[in-house]
Structure formats: structure tokens, C-alpha cells
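Letters are used for the chains, namely A, B, C, D, E and F, taken in the order the chains are written, and counting of residues starts over at 1 for each.
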Amino acid sequence: MFRHEKNFLYPVKVSGPDPAFAAMLVEQHGGPNGELSACTQYLNQAVGCKDQMIKDLLLDIGTEELNHLELLSEAIKLLLGDPTINSINQAPTLELAGGGGAMYVNSSGNNWTAGFVSSVGDVVANLHSDVAAELKAKAVYQRLHQRAIDPGVKDLIDFLISREEAHAQLFMRALEKVQNQGVMQDFGDKLYANQYLDFSTGETNQTPGVWNMQPGNIPVAPPSH
Amino acid sequence: MFRHEKNFLYPVKVSGPDPAFAAMLVEQHGGPNGELSACTQYLNQAVGCKDQMIKDLLLDIGTEELNHLELLSEAIKLLLGDPTINSINQAPTLELAGGGGAMYVNSSGNNWTAGFVSSVGDVVANLHSDVAAELKAKAVYQRLHQRAIDPGVKDLIDFLISREEAHAQLFMRALEKVQNQGVMQDFGDKLYANQYLDFSTGETNQTPGVWNMQPGNIPVAPPSH
Amino acid sequence: MFRHEKNFLYPVKVSGPDPAFAAMLVEQHGGPNGELSACTQYLNQAVGCKDQMIKDLLLDIGTEELNHLELLSEAIKLLLGDPTINSINQAPTLELAGGGGAMYVNSSGNNWTAGFVSSVGDVVANLHSDVAAELKAKAVYQRLHQRAIDPGVKDLIDFLISREEAHAQLFMRALEKVQNQGVMQDFGDKLYANQYLDFSTGETNQTPGVWNMQPGNIPVAPPSH
Amino acid sequence: MFRHEKNFLYPVKVSGPDPAFAAMLVEQHGGPNGELSACTQYLNQAVGCKDQMIKDLLLDIGTEELNHLELLSEAIKLLLGDPTINSINQAPTLELAGGGGAMYVNSSGNNWTAGFVSSVGDVVANLHSDVAAELKAKAVYQRLHQRAIDPGVKDLIDFLISREEAHAQLFMRALEKVQNQGVMQDFGDKLYANQYLDFSTGETNQTPGVWNMQPGNIPVAPPSH
Amino acid sequence: MFRHEKNFLYPVKVSGPDPAFAAMLVEQHGGPNGELSACTQYLNQAVGCKDQMIKDLLLDIGTEELNHLELLSEAIKLLLGDPTINSINQAPTLELAGGGGAMYVNSSGNNWTAGFVSSVGDVVANLHSDVAAELKAKAVYQRLHQRAIDPGVKDLIDFLISREEAHAQLFMRALEKVQNQGVMQDFGDKLYANQYLDFSTGETNQTPGVWNMQPGNIPVAPPSH
Amino acid sequence: MFRHEKNFLYPVKVSGPDPAFAAMLVEQHGGPNGELSACTQYLNQAVGCKDQMIKDLLLDIGTEELNHLELLSEAIKLLLGDPTINSINQAPTLELAGGGGAMYVNSSGNNWTAGFVSSVGDVVANLHSDVAAELKAKAVYQRLHQRAIDPGVKDLIDFLISREEAHAQLFMRALEKVQNQGVMQDFGDKLYANQYLDFSTGETNQTPGVWNMQPGNIPVAPPSH
């Protein structure tokens, strides 16, 4: 059961309206690698998780992402300013349809869809998706940080980057705990599970990668039937 | 800021697996009139709400809907049972892709989309959408209640129906408080704002509706330019 | 059965191309609160409506919205101008993919989806959605009106705002006629249907809203199971 | 400008509820090749069409497809029956969310999207899409006709198949009128515009097709850069 | 079975970054009329095609479109430049979420969807869709060609236009081969299959089109039931 | 540049039609964790990859997934049988709209969308997504394997599971090569990047997880602003 406190997890300080940046920041509000994706993914995975420690972890991080979403909503609202004054149309959909509020859309105004949520009911596959989700989120936040000018917004993004790193580490440790479970059972124990099939030919292929050097993993020509 | 307690708002009691009903109940988990729609809509509206009382109301009800979502997630998981045992394929996507967990999809397996969220930054328009959302949710829950057999599930749906009613009433009262604000300003003060244009002809049109009886609202033939 | 006349419901006068405004106006052509949403919603609700007066109302207004859609299509085409001349790329998708015609997209170029249509087969829930739809449409049109410069376009939007008001009033009167039907039956007759559950704590909560003052509706702490 | 008459273009006679067939017939109501796609496509193309004869044709056929949509809506409603009685769940989303009415979805319950509409502002490309649309619609209707049992429904589908044929013929004739316009200008006047690049090798390639026999169209190996 | 060579079908030469043009060119990468649509459509149709010559054609052209997609991916990447340097935000989503790579989106940043694929399992209907697809693609490429400045990009688009023309011709010839098959069987052999129903009245209708002049095709008033 | 050979990577043997299983197997054809997702993801990532070895790996595996897609397309077509004979409607959309061919949809008939593709232009974040993609695919294939009866189909799925394992291993090794690049730079070097914020309280939280035991990672109460 969730409860809500009327405080924020981190200060949301915005110097003044900047609708153009609001239209970019919304990428992490409703985009594929954003906070709505993160909180729905972890909270959904938590429901079916049989490992109580990992369930607890998913609930803690999922709840934190919900709080990140709240921080971004507030920041975007402040960056949009009053759409009846700042009618300079740098964020048309957020101004016209959102009326100056954050929408669950990405920086192109695409609606968020549950197609962004990775939750397949296998603890190892889920945790790998979660590590990936945190690192993707960090990558996008770094690009936003690079473009941000307002010091309060820059500081908020910096906080969020750090938290994505913290979460990534936690999910990596959780993976260690369950590394032989679920899809990792009976992993790599058949012939085809260890072959490198070489489908692409030409220049960049000349120096084989380290993965090609493993015993039993010599590149082979694809069979043909 | 949200916090999470590891208790439920209401008991989730399921007698045994019933994947076919799980596949129906998911309509209110990730369908257009379901709990994910409700909580994201109210929490989003709250961010930009300038009326502090209504902001509080939106946060209270938005948080409760998040808790309803949690109840449904748990119920659906229990109804699906273990997909490695109950492989009778009455809920194929929930079994194959969800691995036995609730997904953010409707009863046809469609992904939830933020296109379901009504939040246009106007307090009156938003509250009307919220009343509608609660009544639509009630309508769908009633159809699920009619089809439910498991007594625990039936009781849970009954609780949720009552809560939708409570929320609908609260939103109606909130509307009374703001009835002349926002889009209701300069409402109906022009000629075209009071005309009934009669575009459809034939049998069902013969008895004019009560709305046609208002002064200034006599059906007129549509103009043509 | 529909018939088409080669006249418009209202004059469509555009002084000259303004692709940037075309890209905004398309919000009401194919956006969630736009004319395609309105006409499909009302015409769909009409099919199953058992109240003949309200069915007539839905057909009249649904047909009118279809005519609004036609007006916007024409206005957007004129505002886009000839994409082979005005290749200044202020409305890229409408120019490249639409070839200078209105598409069923919102101001971010998102495709319209039937997920925007509220029609749940209950006359009261439907009519509340319809009131909300008209008010949301008015809110968006007002923001467009504020940004419009071309006098003919401004006048057209003014007409459309008035018509949304007329429709909102008509739907409100229709609601009065059916106020105890459908989902309003057995409404609020259980304990949980009248409780105010207080999930959010902190500053904005200090002055309780009017809705909290009703007998039987004293805020209670959420139960926990 | 559209007007509506409260009669149908063709009789809608349904012997009794058959929700399972309703769930299939909805494919042509809100599926990619269905009536909503057809009417929105033709009416949208009409707006920008500079050839007045073809504009007239698009308006006539677009309006007819709107009437086909109305016929299907009525038929589906009758086939669904009363969802409070026929709660046998053969059409779950139409029953739960639609309340017994036709939704703008396909036979899998997917929402219709404007991504189904082909309208690129070129009269020749558009008309080819329209011929294709009619033939695809016929193909799907034929499969529905094969599965239909109710004589009234079977007769209605038969009528709709005939009309798709009529429309396909009309669009083909319209194409003859404009065959050298738009994208057909400067067509095939360069080297690469007449080469057959042979990318796929193996068994089925041994007998060259008739298209390979044209002068200047001898299959050549793809270049490589 | 596909194999990949590390060469391109055509040279991809880009003088320097131009993110604004990248954001337009992506229309043909992930837009409805673009290369991902084309290759998935033809390869999908090939699977079920019983005519071995046409199956071969679909595989050849489908594979070529896959190669066009690769050319566009490379060109868009080069046009975007390094998003850590060119942070001028002319292509926000491609920079923020794509990190400087082509995404499967259109020029408004909308995700590609399989709703763009026309493949209904009927050889004639499919081939008409394919002719339409090529002509629509040409129309969009022409508008991009008109807006392109970089000579290498302009030349690449010119090549792609020529290839769309080549494919359009090939599909037209393939249609000749199968013209009486599939949906064309029992085509136009009933009364309703040859009537022109005149639903739209008014000015543009005064000069009847050539299609109205055919015997048996005299415009008739729509029936009414 | 891709070329196509008219042989398969693996034998596709199907004993006879089984439309119900076809409707499940399509989950890996056009579902989020399926082969279209995999091939588009890896081929897209390859374009911008600056590490030539990893680029080669992505091209090899991306091309193989394209071949897996082809195997599934063929298998699904054979499982569907002839929709004019097997009109038993166990796979309605595949029969009605697909005409007996595999569509790019999941087991609920949802269209594939590019929202399923994870490619953010960072080599480490991308490779983590790729490991996750392979493990998720394996999880879904295992559930299909469990439900498959036809020995040829079961054998094909077994092959595909092995290949997902091979790919997962290869991506894991590739990750080792680049482990300190991209988003992993400046990773975990700030205070907030190492804190465990404890947002959820109650029963399952009592035994702290191993991740809580790290120095500097003691659970702390979330701050509040």
C-alpha cells in the first residue's frame, strides 16, 4: 500500500520558464527509458517475485522511481510556465493539450505505452532488463545534463544520474544472488548453444573478437536447409 | 513523495487459479477505464492544480487508485496460477509473455497507453473527466462482478465498485466548488453557443428532447456556406 | 445514413499559408480532444443508446462534429499551402507524408487512436464523458485562439468554441433526464461508498475541503490488510 | 457538410445473438482493412484533391463507407446481444468495455489507429492505395462470409463485397484518367529505374518471371560499395 | 536465409552534420511509407505466396528494401553527427534517446508500427498494395529531394527514387500475370457491384466523371432502409 | 548489404495445421521479446557502433535473428493451414486479416511497435539490453516449448532456445571488453550513487538483502524536501 507525503524527495528549483527544455526533459517523464517506465516495470516485477529480498529491492526502487516521476512532473510544469503568457510555442503539445503540465510523452510527444515495460516473470531476465533500464536512463540523463542551463535543473538531473547508478549497482548485486536460477538453468548445455555462426562477411570481420576465441566457439558457417 | 507499506488496502483472497477470469480482470488493470489510467490521470492533474483543496483530493484519490492497481496485480497473479502447471492457455499472453503476472494490458491484451489519460490543465474539464472515469470504471467492474465466481474476487470487486462511487461523489462536490472557473468562464454567451443544430432527420427525431425546449435553443437548420 | 453536401457548415477563410499554425491546429483534427475523437465517440454511443431522445441528440452532435472535422481539414490544407513551394519545414510530417493535407494526428504528429474514444455502453457514464470531451475541446481551442493571427482562422475557432459550449450544455441537460439510470443505480448505498480515505499527508491537507465535511464522509485512515 | 438520415443504406437483419461472430465481424469495423479506415482515407484524400471529378468520386465513396460503418455497428450490436444476459464471454472486451457495442477495434481487440490511413497528397499514389484498400477489404469480407451462418448477416456481407468491387472498379477508372500525373511524371527515365537487381538466389529463382524478360530489365547483380 | 556483406548497395556520402535534415530523412526510415515498412511487407507476403515467380520477386525486392534501410541508417547517423558536440537540438529525440543513431520513427518521432504493413494473404490485393507502397515512397522521397542540400544525400535520394520506380513497374507486371486470381474471381458479377451510388451533392458534382458514363454504372440515388 | 538464399537456417517441419498453436507461436514473431524485436535492435545498434568487433558481432547476430524470423514465419504459415478449410477460428485475426500468414503481432494480436527496440547509442547500455533481450526470449520460448506438441515445432523451438543462449553468452563476453566505457565512466563516484534509500516498510523487509551489507550502502531513510 502506498501513502503520499506532500514533500519532495529532492528540491525542485527552477529559475524561470524554459519551454524548449521542458519539451526535452519530458523524454525522461514519459519516454521509453524514463521514470514512468522504470516505476511500472519494477513494481510489476515485484508482484510475482518469489525471492523476498529481491521483492523488497524492487519495491524500494520502484517506489523511488515513482518519486523521481513526481520530481520531473514538478520541474516540467515550472519550466513550461504559464501557457497563457509564454505562448511562444516551443512545446506545442504540452502547451495546447497539456495546458502547461507534464504529459506522459517523450520528447517527440509520443504517448507512453506499456510496450516499454520489460517484465517476463523470470527473475534473472527481469534483473538484466533492470540493469539495462538504469544504464539507458543514465545515458539519456547525461545528454539532458549536457544541454541543461538552469542550475537547479542541472542539479536535479545530477541527483537523478547518481540514483540510476545506485540502482544499477543494486540490481547487479541482486543478479549475483540468483545467477543460476530461472532461465539460467540448463544454460549453454547443447551444441547449438555454443556455436558462433558467422553470417556477415567483409572488412570489419577480419580481426575476430575475443568472444570468438573461446573453445567450442569457433565461428562456423551457418548451416542451410 | 510516496512510501510503500507491505500490506494491502483490502484483503486479496483467491480460492484457486482461474486464468480465464484473470484475462478478463486485467481489463481494469491496464485497460482504458482501469486503475493505471485512474492513478496516472489524477496524480498528473494534481501537479498543476492551483486549488489546494482539489490538489489534495487528487493526491488522495490518485494514491488510492495506485493501491487498487496493487490489489488487482496481486489478484491476477493468483488467478493465473503457475503457468508451468496451468498451461491450459486461457490467457495466452499473460502466460507466455507475462510468465503468470499481471501485465498493463486490457482484456484483449492491448498495451496500456497514455492516450487513455485525460489531463488538459483546466480544473473543470479535468474534474468532469474524473467523474466520467469513475463511472466508466464502475460500469466495467459491474460487468466483471456479474461474471465473477470466486467469492474473494467477487468481494474485492464489490469493494472497488464502492470506492469508485465514493470518488465519483467527491469529484462531483469538487466540481461545485469551481463551477465558474476555467473553461466555464465566458460560457454560453454567444449566439452559436445556444443553438441546437438539427443535422439528423427521420423517425427517432419526431419527439423533441427536453433540451430542445429551452428558450433560444429551438432546433435550427444548419447553415451552409 | 449519411449524405454529403458540397458546402461547408461555416466559412473557411485563410489569408495565406502559415504551416507553423497548421501544425498546431491539427491538434484538434487528430488529437485526443479533437473532432475525430468527438464524432466517432458520439456516433458510436448513438448505436447502442436505448433512449431515443438521447440517441437523436448523439446523432445530431456526432454529425456536427464530422462537419467540424471537415472545416478543420480545409483550414489546415489552406494553412499548409503548397508544400512544393513553402518548403520551409515548419510542419515536416504534414508536408513530407501528408503532401500538404491535414492528417489524423495531433500537434506532435502522433496518429489518432481509438483509445481516445470513451464509449462504455452506459448512458450516464457516456454522457459524463461527453460533457468532459466538449470542455476539454473548448480548453484546447481557447489556447489555439490565443495563438491564432489570421482573422479568418480566429473567427472559425471562435465559432467552434461556441459550438462546444452549446454541446456541453445539451449533454448536461441530457444527463438530468437519465440521472438515476445505469451506473447511478445502487449508487453510494454501501459503507465504503461514502468514506473519504486520507492517503496523503502534509501541508496542503491542512484545510479540509468541502467534500470532507459531509456526514458519513469524515476522512478516515486507510485500512491495512 | 454531412447530414444524417435515420434509415440504413441496407437492411440489418440479425436472427439472434452470436457474440463469437461479432468479435470476428468487428475486424471490418475497426481493423486495418475495415470501414473506418476506408471512410477516413477517402474523405481525407478528397480535401486536397485538385481534380474535381476525382474529388467528387472520393466524397461519394467516402460517404458510402461511413454508411457501411454504420451498418456494421448496428449488426455487431445485435450480434453481441445484451451483455448482462449473454455473459458467456466470447467477446470479452466488447462485452466488458464496450458494454455490448461495436468498438473501433479489430478482431483481436486492437484499437484502430490513423496509421492505417494512406493519404500522401499525390492523386496517383492515393488512388492505387484506394484500389488496394477495396481489394483487401473484399478479401477479408470473403473470409467472414465463409464463416457467417446467420442469413441476414451473410446477406449484408454479400452486399458489402459487391460494393467493394464497385468501388475498386471506379478507382481503377479514375486512375486511367490521371495516369501520367503526380508521381508518374519522370517515371522510369533513368538507368536505375529499369534494372532488376537479383538479391535472392536459389531454387525458386530458376524460372525467370515475365517481368525479367523486358528489354533493359535483365537481372543484374547488385552493385557493392 | 539472409547473409550480410559489409559493403553498401550504394555509396553513402555526407558532407557534414545536418541534424535538421536527419530528422526529416528519418521519415523514410521508420515512417509509414518508408523502408522498414517496405521490407517487412514484401518479405511477409513472400512467405505465403504460392506463385513461385512472384515469391521470387517479393524476396528480391524485399531484400533490396532491407538494403535501402541500411543506407538510410548510415546516412542519418552521419547527418546527426556527434550529439555530444552538435547539441543544437534540431532533432531532439534522435539525439537524446537515439544517441545520434537512426531510430525506427517518422519525421515526428512516432514509432514504427506493424499497422503500416499491408499483407492480407491474397496475391492480387497484396500486389496492388505494393504498387501503392512504391508510389507513396516515391512521393515522399521527391519532397525530401526537393529539400536536400548536401549533394551526396541528394544523389542517394535520387537513386532511391529510381529504385522505387523500378519496383513499381515490376509489381505492375506481376499484377498482369495474376490478374484473374484471388479477389478478382467473381469480380463485378452482381448488381450492386456495378452501381454508382451518388451520396454527395453540390457544385463539384456537375460534370460527371468518366466512370459515370459506363453502361450499368449510371449514378443512382442510394437506397434507404 | 543483405543477400537472400532460398534455403532455411534450420529445417521447418510441421506435421499438420494447429491454428491455436500458431496463435501462440506468433508471440515470438511479432511480440516484444520476439525475433523482429531482436533483429531490428541489433542491426540498429550496429550502425552507430564504433567498436569494430562488437559491430561485427551485432551484424552477425542481427542477421541470424532475421533468419529466425523467417523460420517462424514459415512455421506459423504451416500451422495455420489453409484458412479457407480450417475455418475453425482459433486464430481469428491471423485467418481473417492475415489470410493464413504470420503477422507481426504478439499472441494477443497486438501490432509490433518500434517501442520494443532498445538502442540508445551507448555500447554498454545497449549490450545489457541485448543480454536481457536474449534471456527474455529464452523465457518465452521455454513456455512455448512446454506447450508444443508437434515434434518438428518442438525441435525448432529447442534450436531457437539454444541460439538465444549462445547469443546471451556472446553479448556477456562483449560486455567484458567494454566494461569501463560509455555510461560506466564516472560510475558510482558520488554520495547519492551509493546510498540505499529504504522506501518500503513491513514484513518482507526484515531480513536485509546482501546488497544492503556493502560499506557505504547502509539503508537510509529517504530525505524529504
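FYI, a contact is a pair of C-beta atoms (placed from the backbone, for glycine too) under 8 Å apart; a residue touches a chain by one contact, two chains touch by 3 or more.
In this text, all values refer to a predicted model and were calculated from it rather than measured experimentally.
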{"item": "Count of contact steps on the shortest path from subunit A to subunit D", "value": "2"}
{"item": "Any chain in contact with subunit A as well as subunit B", "value": "C, F"}
{"item": "Degree value of the rotation bringing subunit C onto subunit D, based on Cα positions, nearest 5", "value": "180"}
{"item": "Interface composition of copies subunit A and subunit F: same or different, split at half", "value": "same"}
{"item": "Whole-Å separation of chain centres (CA-atom averages), subunit A against subunit E", "value": "33"}
{"item": "Euclidean distance of C-alpha centroids - subunit D vs subunit E, Å", "value": "17"}
{"item": "Residues of subunit C touching at least two other chains", "value": "1-9, 32-33, 59-60, 63, 67, 83, 97, 99, 105, 108-111, 113, 115, 120-122, 139-140, 199-200, 204-205, 222, 224"}
{"item": "Touch-based graph of the chains, sorted into line, ring, star, complete or other", "value": "other"}
{"item": "Listing of all chain pairs that touch each other, if any do", "value": "A-B, A-C, A-E, A-F, B-C, B-D, B-F, C-D, C-E, D-E, D-F, E-F"}
{"item": "Residue ranges of subunit B in contact with subunit C within the complex", "value": "5, 7-12, 32-33, 52-57, 59-60, 63-64, 67, 113, 115-116, 118, 120-122, 124-125, 128-129, 131-132, 135-136, 138-140, 142, 158-159, 162-163, 165-166, 168-170, 173-174, 176-177, 182-184, 187-188, 190-200, 204-205, 207-211, 214, 222-225"}
{"item": "Subunit C to subunit E touching residues, read off their complex", "value": "1-7, 83-84, 87, 89, 92-93, 95-97, 99, 105, 108-111"}
{"item": "Subunit D to subunit F touching residues, read off their complex", "value": "20, 23-24, 27, 31-33, 106-110, 139-140, 143-144, 146-147, 199-205, 222, 224"}
{"item": "Sites on subunit F touched by subunit E in the complex", "value": "1-9, 30, 36, 40, 43-45, 47-48, 59-60, 62-63, 66-67, 70, 73-74, 77, 83, 97-105, 111-115, 117, 119-122"}
